[in-house]
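Both of the next two complexes hold subunit A, though its partner changes from subunit B to subunit C.
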Partner chain A sequence: MTIDRTEVDGKVVLRVAGRMDAENAVLFERECESCLTDGVRALVIDLTDLKYVSSMGLRSFVMIGQKLKEKGGDFRICCLTGLVRQVFEITRLNQVLPLHDSLESALVGG
Partner chain B sequence: MITPSIHSIDLLRLALAFLPVLLFLVALRGLDSYKLVSIRSVAMGLGAGAIAAGLCFAINTLIFQRFAGYEDQYAQFGAPVVEELAKAAYWTFVIATARTAFMADSAICGFAVGAGFALVENVSYLHLLQGKGVGVWLLRGFGTAVMHGGVAALGATLSVFLLEGRESVSFRLFIPGVVSSILLHSLFNQNLESPLTSTVAAVLGIPVILAFVFYFSEKSLREWLGGKLDRDIDMIGMIGSKEFQETRVGSYLTSLQEAFPPAVRGDMLSLLQLTSEVSARAKSELMFREMGLEVAPDPEVDSLLTELRYLEKSIGPTGMLAIRPLLSQTPRDLWEMHRLGQKQR
Partner chain C sequence: MPDTPKTLTLIAKPASLGSVTEFVRMGAREAELPDLHIRQLELLIEEIFINISRYSYPENSPGSVTISYAVPKAGELHVEVGDQGIEFDPLSAPAPDLTLSLEERPVGGLGIYLLKTLAGSLSYRREQGWNRLRFGISAES
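This part shows the complex of A and B:
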């Protein structure tokens, strides 16, 4: 799994690609934690190239979302495709975390 | 059982004996971070315990009349058998019918039955212990109530532990749980050192044992939840992939083509997908609850469960047997389906 960090309009975009299994979910959490430590309060996760997400990955998304919310920040997820979108819909994570179809819409507002 | 001459002071003593048990029950429910047991289930457990106590009162009275002079021996060896069997009738029912499947929720159900039993038993003792001191009431009321709740909780927990990972419920596996609750109850009634020692041992020992039960139950539940949710996700991914025919599920379904017509094999595939989806919904909901999130009730579950029932009927018993290796139906899975079905009512 790879994570690319960029900054767009004052918001940090993490582009996650590959498979987010139990082991990689920890790396994702670590990257997000490091953003929070740096004072980032608006985080957008681009999942265009994420092919798989495990239960640990789902936990990580919820946990980071909760942490940002506690700090008054904004956590958005965008560009879900294939199995990852299906898993988010089946587990109804889309009711817990705001999902966006495109990076542009995720960057708008907030 | 209740005589008209009950004094208000006795009612106060009853409350003194029973309130800590109720608080203990509330604390047990609070410890359960997955909130697996509803208040309704706890109330049903208390009610079942009260009915069991009424039954036992009748049986014990009959035996005392028939075998006058053997009251002490009966209290030490006979009553624990009758009373624990009466309480076990409820907790074995909730476990066998997959209404509970984890150690923590079984402990809560078991304790609730015991608490309900103790409440009625204490009411009947109001008459016998009228005018006795607070110390006697604490021994008789609180100590015995903790014992009744505790031994039933431990029996239920042991049964769930033995049933874990098994695909079907075997009643033989309930025997160690029932027997151990009888033995512990009998040990309590022996008053080996003094009634005070038995009470102190029960009041101190049972919470410690139950704390361990909760710790291991939550750990096991978290691991099960993660592991099974991943299996569901894998199954959904496998069925949706372009290389499905090459996967183990695809190969297995292909191997059934001579035995079953295409329509039935199609239904088998739909059933596998739907089972994984329903299962993933239930597990993710539990996971969110553990993380402190509340998700609104799923409006689609009712129709999904109806569709599952239709598919099962359409595939038939032989077909269901053929895809059995691909379906996980442990007591925990059954419980999950039961819980989902209940929520829609």
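This part shows the complex of A and C:
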């Protein structure tokens, strides 16, 4: 798994690629935590190139979403495909985390 | 097509996940499963294996896991996972409440639900000290 961090219009975009599983989900969590520590309150996760996520990865999304909400921040996720989209739908995380079809739409407003 | 089950036995520890995944991928290739089904298979085996390696055996005393697969016909893969840890039937685990808001949601507890939802067939039996969990994945589902 690789995570690229960029800033667009005052929002931090983390582009996560590869596979997020029980072994490395914690790395994603740490990267998000470090954004929160840096005072970031608008976080966009771009999953265009994420091919796989297991329940340990979903756990990280829930945890970060909760932390950001607690701080009054804005957490958005975009560009889910294949299995990743399927597991967000099965677990109904698509109902509680804001999902966007494109990075452009995830960057609008907020 | 050969239908002799292939078997892998290894110590139940999270660090072995890569070897386990690679093993079932061989089965997926044999069964000629499409990409999405291969990823589903990887997810199922991860949820099962990580669960066993975390909870089945006493901490500091990991036991073994035996995984076998068979390809009854093209497009179909059967996998059985056996361990001799504490008795645990994932089919009896209560379903998570998916209607809760983000704030109310427990962070974990989705693995078994994914397993039950994505497996084409799923069965458990306790047999002479073994937990035996079987699941199937079919290109047609």
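FYI, the second predicted complex is superposed on the first by the 110 of 110 C-alpha atoms of A that agree within 3 Å, B and C clash if a C-alpha of one lies under 4 Å from a C-alpha of the other, contacts with A are read in each partner's own complex, and residues count from 1 in each chain.
By definition in this document, a contact is a pair of C-beta atoms (placed from the backbone, for glycine too) under 8 Å apart; a residue touches a chain by one contact, two chains touch by 3 or more.
Because the structure is predicted, anything quoted here is derived from the model rather than measured.
Under the clash rule set out above, the superposition-derived model of subunit A with subunit B and subunit C contains a clash between the two partners. By the document's definition of touching, of the two partners only subunit C reaches A:E23; subunit B does not. Of the two partner chains placed around the shared chain by superposition, neither subunit B nor subunit C is touched by A:R41. Residue contacts after overlaying the shared chain place A:Y52 against subunit B and subunit C alike. Legend: residue contacts after superposition of the two complexes on their common chain; A:K11 is shown touching neither subunit B nor subunit C. When the two complexes are overlaid on their common chain A, residue A:R85 makes contact with neither subunit B nor subunit C.
Of the two partner chains placed around the shared chain by superposition, subunit B and subunit C are both touched by A:V96.
Judged by the touch definition given at the top, the superposed model places A:K69 against subunit C, while subunit B stays out of reach. Judged by the document's definition of touching, subunit A residues 22, 52, 54-56, 58-59, 62-63, 66, 82-83, 86-87, 90-92, 95-96 lie at the interface with subunit B and also at the interface with subunit C. Put simply, subunit C touches subunit A in their complex at residues 14-15, 17-18, 35-36, 39-40, 42-43, 46-47, 50, 96, 98-103, 105, 107-108, 110-111, 113-114, 117-118. The touching residues of subunit B, when paired with subunit A in their complex, are 225-227, 229-230, 233, 236-237, 240, 277, 280-281, 283-285, 287-288, 291-293, 295-296, 298. Of all the residues in subunit A, the ones that touch subunit B in their complex are 22, 52-56, 58-59, 62-63, 66, 82-83, 86-87, 90-93, 95-96.
Interface residues of subunit A facing subunit C in the complex, by the touch rule stated above, are 21-23, 51-52, 54-56, 58-59, 62-63, 65-66, 69, 82-83, 86-87, 90-92, 95-97.
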